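First chain A sits with chain B, and in the next complex the same chain sits with chain C.
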Partner chain A sequence: MKSYVMKIDKSNRYLMGVLLIIPMIFLVLGVYGGLMQTLFRAGIIQSDPFMGPDYYKGLTMHGVLNALVFTTFFAVAFGNAVVSYALRMKLNMTWAWVSGILMLVGSALATLMIYIGEATVLYTFYPPLKAHPLFYIGLTLLVVGSWVAFWNWIPLYLKWRRENPGEKTPLSVVGIFTTFIVWQIATIPVAVEILFMLLPWSMGLVNEINAMLARTLFWFFGHPLVYFWLLPAYVMYYSYMPKLAGGKLYSDMAGRLVFMMFIVFSIPVGTHHQYMDPAIGAQWKLLHGFFTFMVALPSLITAFTLAASLEYAGRKRGGKGLFGWMFKLPYFDRDRWLFSYLIAGLVIFIFGGISGIVNASYQLNTAVHNTAWVPGHFHLTVAGPVLLAFMGMSLYLLSRYLNKPVKMKGWALSMPYIWTIGVFIFSWGMMRGGLIGMPRRTNTGPSYANQDSALYQPEWISYIDISVVGGVIMTLSVVIFAVVFFATVFAKQKEGEATLEFPTTEPYHDEDVPWLKNFKPWVIAAIIIIVLAYTPVIIDVLQSTAGGSPPFSPENPAPLR
Partner chain B sequence: MDKSEKLALGLSGLLLAAFFLALIYAQVARGIEVPTCITDVEPFTSDTLFQIDENEYELHMITRMWAFEPSSVTLPVGSTVHLYVTSRDIIHGFKIEGKNVNLMAVPQTINYIPVTFNEPGEYFFACHEFCGAAHHLMAGRIIITDNEEDLARADLPGGER
Partner chain C sequence: MNQQEQENVSEEFFPKGAITFFVIMIVLFVIMWLSIYFEVLSRG
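And now, the complex of A and B:
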């Protein structure tokens, strides 16, 4: 593969600047919320200067900004870059801007509604808790903006296929399209939930809502959402990491197979978040559990392929013996600082993956569902590999698109390792606490962690405190990142034109597998399985709910209407 | 795919199959269930405790902002409780510490799980789904005891005991 350098024009530069810098501000705000939560939970503070005394308003901000806004923006920015780079084509800038502006307006609306206290519903926005209609509209615009970005790539892809008959689509493009195919399918149920249920009900056009159905539609979307986060990180792991390590991708076919499996099995798994719910037959929960195990398979293949690729790189760099290659990887190489973001994330993900299989394990979920174990788990996934890959790549793209040198590379390089230490401590505290019953989404400060309260739970205290220690270290590493990032934003421009080049990896084993070349059969298989897995669930829900619910405010036990 | 890849793929598949079989085993041989779809119980709007047999009780529990009704239940050692949970307003969560009981309480639906208490003690439960401003104050306990006085004071239903 010849390396290719893409020239960046002005409109593209401004757009990507916006798409990378604004979400970083959102992320910093969201992480601030995270730190405050740990302090609230330990009873160290009762009020914070930005959010005030309302823990749950802050928690809504934390979930929405970090997990919905930051991730969606990044996926779109990264997709814009990968598709135009790997296919060597120009984006239609008008639609790219439309997408960016929709997402910006949507995120600003949703954030504002949370900030003024009109949407304290957490990022899952389960009714009968009601938010301001503008909150739902904001989220809708964010999603529609991401759709527009995807639709803008499709003609380029089709053109490339026409012009390169029989050739394999670049793996990075396969990954990005997988991400957005999953996203496109999975956002339909949540769009139905928002547009046909939440919005009219929140505006007062209808009086009641079927809370159980809404919740089921949310999780129809909610699990594929986590793959929407994870898959861009997989693109980096497959397409860039082996090259950064100085090696090759062990198997190109494995990468393609993994992405196709994600298309098929990412979506028919949502009720694994509802194992403890009423109104859904246990047999359907088990079926979704089965598919969840199927979707773990591509991640296990990935673990093997990446380990093999890194071993190849380590041996090429002179590593000897069974494990010697591990010590030869460029963990601290300033010129390959991006590697540290990817490798640290992978290490965290080992534990994220294991704890995820625990959650997925049907009856075992009884022990952990909605306990602090769960946030412990997903800070090892979305706030682990996903966060680090997204931050690293944001910095990389920023410096390329703005044509600026990455500042303080040493600090940039150390940040992921500091985060890793922090998140391990944090998650250990949360998970251990969860195992002895500490609930999630709960401000333990005034009650369970308060010696003067009748509800005081002395056994939880040490774990709550451990999560504070971890949270402080995590925050510290984000502060380091923010300094590096904004120092880069404000650095002096380099001479010459802005250009983009990705460290694209060559395959070690390269096979030509016709059945992995086309998305179509996989998408059809996905749709069939989704219909089979979800029809009985929806029927159960409709048959076993007695009626609808009026809206409620989080402040008052009496319904709003 | 080369040999080592096929091996890795095969082993991954076997590992997951083993995990999945363990779930089936837990369900079939050990009878550990997750809640299922309940359609044969009428929606209830007040909490009740019925004694249905020697050591068997049926508890209809209401969750609401921000309390469990009842928030404290006293029962003799060895009781099996058929727990039915619903919500009067928004979504709540219910998990009994140290027991395989973890239920979401969703309005207009009924959730169910049976549970047996063979050890005396206080079983704490806290609401684990965000349900508004005082969510973190929503908790209760099940007291399992052999102490006749406590049981008498608890005024069990069903008369004789």
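And now, the complex of A and C:
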């Protein structure tokens, strides 16, 4: 594969600057909210609010800004870069800007509503908690903006296919299209929830809402959302990490198969978040549980393929014996600092994966449902491989698009390892506490962690304290990253014009598999399975629920109207 | 490592380390899953 250097024009540079820098500010605000959660929960902060948002407002900011806003912006920015680079085509900048502006306006609206206390509904925005209509409109604009970005890439892809008949689509483009095919399908149910249920109810056009149906539509979207986060990281793992390590991708076919499997299996799985909910038959929950295990398969294939790719690289670098290659990888190479973000995320993901399998197991879920185990688990996924890959690639793209050198490379290199220590400590505390009943979401500070409260649970205290230690370390590493990131933003521009080059990996086995060349059969299979898996669920919910709920706020047990 | 040795790695590569790593990872998964399973059983 010939290396290629893409020239970056001014409009593209400004757009990517906006798409990378603004969400980083949102991310830092959200991480501040996360730190406050651990301190509130431990009772270290007693005043409510403390330096900004109160507990539930902060929890909403933490979830919405980190899990929805930052991730969506990054996926679009990364997609813009990958598609134009790998297909060697110019983006339509008008639509790229429309997409960016929609996302910006939407995110600003949603954040403002949270900040002024009009949208304390957490990132799941479950009714009957009600937010201001502008919060829902803001989220809708964010999603529509990301759709526009995707639609802007499709003509480029089709043109590339016409001009390169019979050629394999670059693996990175397959990965980005997989990400946005999953996103496009999965955001339809949540759009229905927002436009036809939450928005009219929030505006007072209807008095009641079917909370169970809304939850079901949310999780129709909510679990594929996890793959919308993970898949851009997978693109980096398959397309760039082996080269950064000094080797090749062990199997090109494995990468393509993994992406196609995600299209088929990542959506009909949402009911595994609702194992404990009424109104849905146990057989349908079991079916979604089965599909959840199916969607674990591509991650297992990925684990092996990446291990084999890294082994190849390690052996090329002189590694001997069964595991000697592991000690030859460039963990601390300043010139390959991006590798540290990817490898640290992969190590975290081993534990994120197994804890997810526990969640997805119908019976075992009873032990962990709605406990602190769950955030302990998902910080090992979304705040593990996803966050680290997104942060590392944000810095990489920023330096390329702004034509500035990465500042303080040593600190940039150390950040993912410090984060890894922090997130392991944090998640250990949360998961162990969860196993003995420590709840998620709830502010334990004034209640279960308060010696003066009748609810005091002394056996939870050590785990709450452990999660504080982890949370503080995680925050420190984000502070380090923010300093590196903004030092790079304000660094002096390098000589010459801005260019982009990805460290694109060559395959070791370059199999030619015709049935992996076309998205269409996989998308059709996905739609069939989604219809089969979700039709009975929706029918069950509609038959089992009557009437609806008036709106509530977290401040008052009485309905708002 | 000299050029010849590097070429040998390319030609003869079999991912025995990755296979072993993968098996160990699956065993770890099984142990962790069973630990929660027995935790649930112990609750009666």
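Keep in mind that, in the parts below, the second predicted complex is superposed on the first by the 554 of 561 C-alpha atoms of A that agree within 3 Å, B and C clash if a C-alpha of one lies under 4 Å from a C-alpha of the other, contacts with A are read in each partner's own complex, and residues count from 1 in each chain.
Keep in mind that, in the parts below, a contact is a pair of C-beta atoms (placed from the backbone, for glycine too) under 8 Å apart; a residue touches a chain by one contact, two chains touch by 3 or more.
Everything numeric here is computed off the predicted structure, so don't read it as measured data.
When chain A is checked against chain B and against chain C, the one touching more of its residues turns out to be B.
When the two structures are aligned on the shared chain, A:554 is found in touch with chain B, with no touch to chain C. With both structures placed on the common chain, the touch criterion links A:362 to chain B but leaves chain C unconnected. Residue contacts after overlaying the shared chain place A:76 against neither chain B nor chain C. When both complexes are overlaid on chain A, the residue A:230 reaches neither chain B nor chain C.
Looking at the shared chain after the overlay, A:263 reaches neither chain B nor chain C. By the touch criterion defined above, A:316 reaches chain C but does not reach chain B.
Residue contacts after overlaying the shared chain place A:110 against neither chain B nor chain C.
Once chain A of one complex is fitted onto chain A of the other, the partner contacts of A:148 are absent, as it touches neither chain B nor chain C. Contact with both chain B and chain C is seen for A:304 once the two complexes are overlaid on the shared chain. On chain A, the patch touched by chain B and the patch touched by chain C overlap at residues 250, 304, 308, 357, 361, 363-364, 366-367. Chain contact summary for the complex, chain A toward chain B: residues 54, 56, 59, 122, 126-129, 210-212, 215, 250-251, 253-254, 274-283, 285-286, 289-290, 293-294, 296-297, 300-301, 304-305, 308, 357, 361-367, 369-371, 436-437, 439-448, 455, 457, 509, 511, 540, 543-549, 552-557, 559. Only residues 1-2, 4-5, 8-9, 12-13, 15-16, 19-20, 22-23, 26-27, 32-39, 43, 64-66, 85, 89-91, 93, 95, 97-98, 100-112, 124, 126-133, 135-137, 139 of chain B touch chain A when the two sit together in their complex. Against chain C, in their complex, chain A makes its touches with residues 250, 303-304, 307-308, 310-312, 314-318, 321-326, 350, 353-355, 357-358, 361, 363-364, 366-368, 435, 508.
Within the complex formed with chain A, the chain C residues making contact are 1, 6, 9-10, 13, 15-22, 25, 28-29, 32-33, 36-37, 39-40, 43.
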